[in-house]
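Both of the next two complexes hold chain A, though its partner changes from chain B to chain C.
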Partner chain A sequence: MLRDEEFLYASGRIKVLENRLLSRSVIERVLEAENTEAVLRVLSETDYAPEFEELESVYDFEKALENSMRKTLNTVKESLKDHRIVRFFTLKYDYHNLKVIAKSRILGVDAPENLSNLGDVPVDELIKLGKGEGDAAVPETMKAAFEGAMRLFEETRDPQQIDLFLDRALYEELVELTKKIGHEFLKDYLAASVDLINIKTMVRLKYMESDFRTLEKSLLPGGTIEPAFFEKYFQEPLQSLVEALSSSRYSGVVKEGLENWISTGSPAAYEKLSDDFLLGILKKGIYKPFGLETVAGYIGAKENEIKILRVLMVGKINGISEDVIRERLRDVYV
Partner chain B sequence: MEITLGQVLALLGAAMAVFLPGVGSARGVGMVGEAAAGVVTEDPSKFSQTLILQALPGTQGIYGLLTGFVVMQRIGLLGGKLLPLTTYQGLLVFAACLPIAIVGLLSAISQARAAAAGVGIIAKRPEELAKGITYAAMVETYAVLSLLASILMLFGLRFS
Partner chain C sequence: MEIRANPNRMELSRLKRRLVTAKRGHKLLKDKQDELIKKFIDMVKQNKALREEVERELVAAFQSFTMARSQMPANVVEESLMIPTAKVSIDIKKSNIMSVNVPRIEISMEEGKNLYPYGFAGTSAEMDSAIRTLSAMLPKMLKLAEFEKACQLMADEIEKTRRRVNALEYVLIPQLENTIKYITMKLDENERSSRTRLMKIKEMVMQE
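And now, the complex of A and B:
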């Protein structure tokens, strides 16, 4: 069990850095900006200034966002002895790369250049793994996951199986990791994210009129809602799922999100509400003076901020109206 | 001079009054120092404000030392002529040392937690330093009360 006292230095540092997270008013100003130049002007007054200044073209904004995230992760890492908390957040980038590499391999093309640099495993080593070189310096768990995914593809010839298999492997590793860290906060956060993803998967598959076997394979491990629950409600109308979850802590997300999904046919509102719900859990970190919550909350807040900026940049570059972008915007941490 | 068990117990009391709050204060000042170092890494201008908060959990160690001195003075150690205390007299001195020894240790750590939280206030709103200090200083009350109890007991004892 990690004690709060182990996070004193990191928390002190983060309390200052929290001030530099984007506030609601900065997001509003970006939203109201007339064109991409105006967006860049607003961002040049924020913590993102150095990353955006380096850009040759605004279309490369992904690079700037990635660099800013990497800076944050490095700051947190150098403030902590135990890097497992950071790993909890970076593992998904490695698995994302793994998916891209697996798919490049089955298409017989070179891995694309835009692999994420936010993971712990060097991209070059992953590419080596993709080429089938045995000496790639990739953790055993990821090697096994990659080989398992490739084997499954050989059997089924269905590229979607790679995604499903690697997603499951990622969450299995996350569950293991949170067990090892042994802190309730991360366990609770992971369980909530898994539950919300599983609910989404079930509704999506219901719309696609899939069978329960497909759902069973798509459900992620580590949630608090049992597969038996999904099996039961998979056969029933969506409204009964909403009612069944009305006394759970997801009632707000499910009620508003799913009703919106039923009426509009788009999961956008549900996704936004899920993200806001998870951010709500992370927000414990602002009110806690020092501890794991502060650190995890800050990393999560930064990821959320990057998501917001991505929505804003894509929207602004494509000239999408303010109102449409606003609907997609997530809550902010501070 | 023959050493009595009473003298040993009295000195043991004095030693505890010094070392337990001392350990608490060292830990406490260290804890607030870590949090303060984190803030100053990102914003060096906050050094002086955080330093005030860091000093707060240090007082328990001083109270302990003061109690230790009073014991030494009362049992004649400072004058070079140690009183021939009986076992029960020694136990009385030992008992008188307990309040500051125990409350000093624990309150220093509690105060450090409040002060480290106060460092967070400074990170966000440096103008509210006084409030952060006040919260941490509230804990001081109980260290002072236990010091008072220990000192009153020691001065109330008669050894002749």
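And now, the complex of A and C:
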């Protein structure tokens, strides 16, 4: 069990950084900006100024977001001895890279694009793995997952199977990782995010008129809601799912989000509410003076902020109306 | 420009025959043109309706895709759609409208295939509906392509026919008529001059 005192130094630094996260009022100003130049002007007063200044064109904003995220991860890593908490958040980037590598290999692409450089495993080593070189310095679990995904594709010829297999492998590793870290806060956060994803996946599969087998393969491990629950409600109308979850901790998200989804056909509200729910869990980090919560909360808050900025940037670049953007804007941490 | 012709009876009857053929041809072409225009206007109307429908739906589809895009990092979107699952094959056949060969596109989609090539953990559910709308758009877009090409080919054909009709109506037929008139006059003139000559000879013979 990790003691809160181990996070004293990191928490101290983070308490300062927390104040630099974007506030509601900055986000409102971005939202009300008339064009992309005005957006950039607002952002130049924030912590994102150096990243956005480097950009040649505003269309490359993803790069700025990624760089800013990397900076945050590096700062946290610098101030912590135990990197496993950061790993909890970066593992998904490595698995994203694995997917890209697997698909590039299938397509016969030598130099894969769309790799993320937020992962812990060096991109070059992953490319080596994709080329089938045995000595690639990639963790064994990821190697095994990659081989498994490739085998599955050989059998089924279905690219979706790669994603489903690697998503499962990612969450299995996350479950293992939280067990090793042994902190209730991360376990709880992971379980809630898995549950919310699983609920969403089931509804999506219902809209896709998909089958039972795909559902079984798509449900992620590590949640508090058992797969049997989803298998039972997969055949019933969505309304009964809403009722079945009405006494769970997700009742708020499910009631408003799913009902909105059923009536308008748009999952935007559900996705926003579930992100807000997860942010609610992370918010423990602000109220604790020091501890794992503070660190994890901050990284999560940064991820959330990047999401907000992405919605804003895509919306502003494409001239989407304020209301449509607002519907998708997540809550803020501070 | 006049047609050069020897003013004799042979030539006259030949030209008269040509005039008859030209007039018949003109009538036939004129009928064809009228019919083509009728069909063309029909088609253009359908084309316009379809185009407006497709454009309207495309705007909606792109908007929903943009919103889906705003929920995920760009490289996740790209990764999700790297390998597509659905395949559509098209077969182009010809069909004949008033002797114009227009294309007929036959679409065959693979039935029962999974449309969504990505996993669910890292992707937004908004992507699903965007993919669904875009995939439903494809047959309509191909139909539109078929209509637009047909309209284009028919427009070409109408122009060609109109040129022919005009050439017959304003050039060939008047020319033939003029030449016929010229030959008839020339022949009449010849006849009159030979008659006067005969009368003159007769007078001279009488005086002797």
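Rule of thumb we're sticking to: the second predicted complex is superposed on the first by the 330 of 334 C-alpha atoms of A that agree within 3 Å, B and C clash if a C-alpha of one lies under 4 Å from a C-alpha of the other, contacts with A are read in each partner's own complex, and residues count from 1 in each chain.
FYI, contacts are C-beta pairs under 8 Å (C-beta built on N, C-alpha and C of every residue); 3 or more make two chains touch, one makes a residue touch a chain.
Bear in mind that the values here come from a model prediction, so they are computed numbers and not experimental data.
Participant: Mind checking the superposed model to see whether chain B and chain C fit together on chain A or clash?
Facilitator: In the superposition, chain B and chain C stay clear of each other.
Participant: Is A:A145 in contact with chain B, with chain C, with both, or with neither (first, second, both, neither)?
Facilitator: Touch partners of A:A145: none, neither chain B nor chain C.
Participant: Once chain A of both complexes is superposed, is A:L40 in touch with chain B (first), chain C (second), both, or neither?
Facilitator: neither
Participant: Looking at A:V314, would you say it contacts chain B, chain C, both, or neither? Reply first, second, both or neither.
Facilitator: The answer is second: A:V314 touches chain C but not chain B.
Participant: So in the superposed three-chain picture, is A:A269 touching just chain B, just chain C, both, or none of them (first/second/both/neither)?
Facilitator: neither
Participant: Is A:I197 touching anything from chain B or chain C once the two structures are fitted on A? First, second, both or neither.
Facilitator: A:I197 sits against chain C, while chain B stays out of touch.
Participant: Rounding in steps of 10 degrees, give the angle chain B-chain A-chain C taken between C-alpha centres.
Facilitator: Once the two structures are overlaid, it is 160 degrees.
Participant: Considering only touches as defined above, state whether A:G12 meets chain B (first), chain C (second), both or neither.
Facilitator: Touch partner of A:G12: chain B, not chain C.
Participant: Chain A residues in contact: does chain B have more, or chain C?
Facilitator: More residues of chain A are touched by C.
Participant: Quick check on the superposed pair: does A:K92 touch chain B, chain C, both, or neither? Answer first, second, both or neither.
Facilitator: In the superposition, A:K92 contacts chain C only.
Participant: If you stack the two complexes on chain A, which partner ends up touching A:A136: first (chain B), second (chain C), both, or neither?
Facilitator: neither
Participant: Nearest CA pair across chain B and chain C in the overlay: distance in Å?
Facilitator: 29
Participant: Name the residues of chain A shared by its contacts with chain B and its contacts with chain C.
Facilitator: none
Participant: Which part of chain B faces chain A closely enough to touch in the complex?
Facilitator: Where chain B meets chain A, its residues are 31, 34-39, 41-43, 46, 113, 116-117, 119-120, 123-124.
Participant: Quick check on the complex: what are the chain A residues that touch chain B?
Facilitator: Counting only chain A, the residues touching chain B are 5, 8-19, 79, 289-290.
Participant: Would you pull the chain A residues touching chain C in the complex into a rising list?
Facilitator: Checking each residue of chain A against chain C gives 62, 65-66, 92, 96, 99-100, 103-104, 106-107, 113-116, 158-160, 162-164, 166-167, 170-171, 197, 200-201, 203-205, 207-208, 210, 214, 218, 220, 261, 265-268, 270-271, 307, 310-311, 313-315, 318, 320, 324, 328.
Participant: Along chain C, where are the residues that touch chain A in the complex?
Facilitator: Against chain A, chain C makes touches at 63, 66-67, 69-76, 78-80, 82-85, 114-122, 124-126, 128-129.
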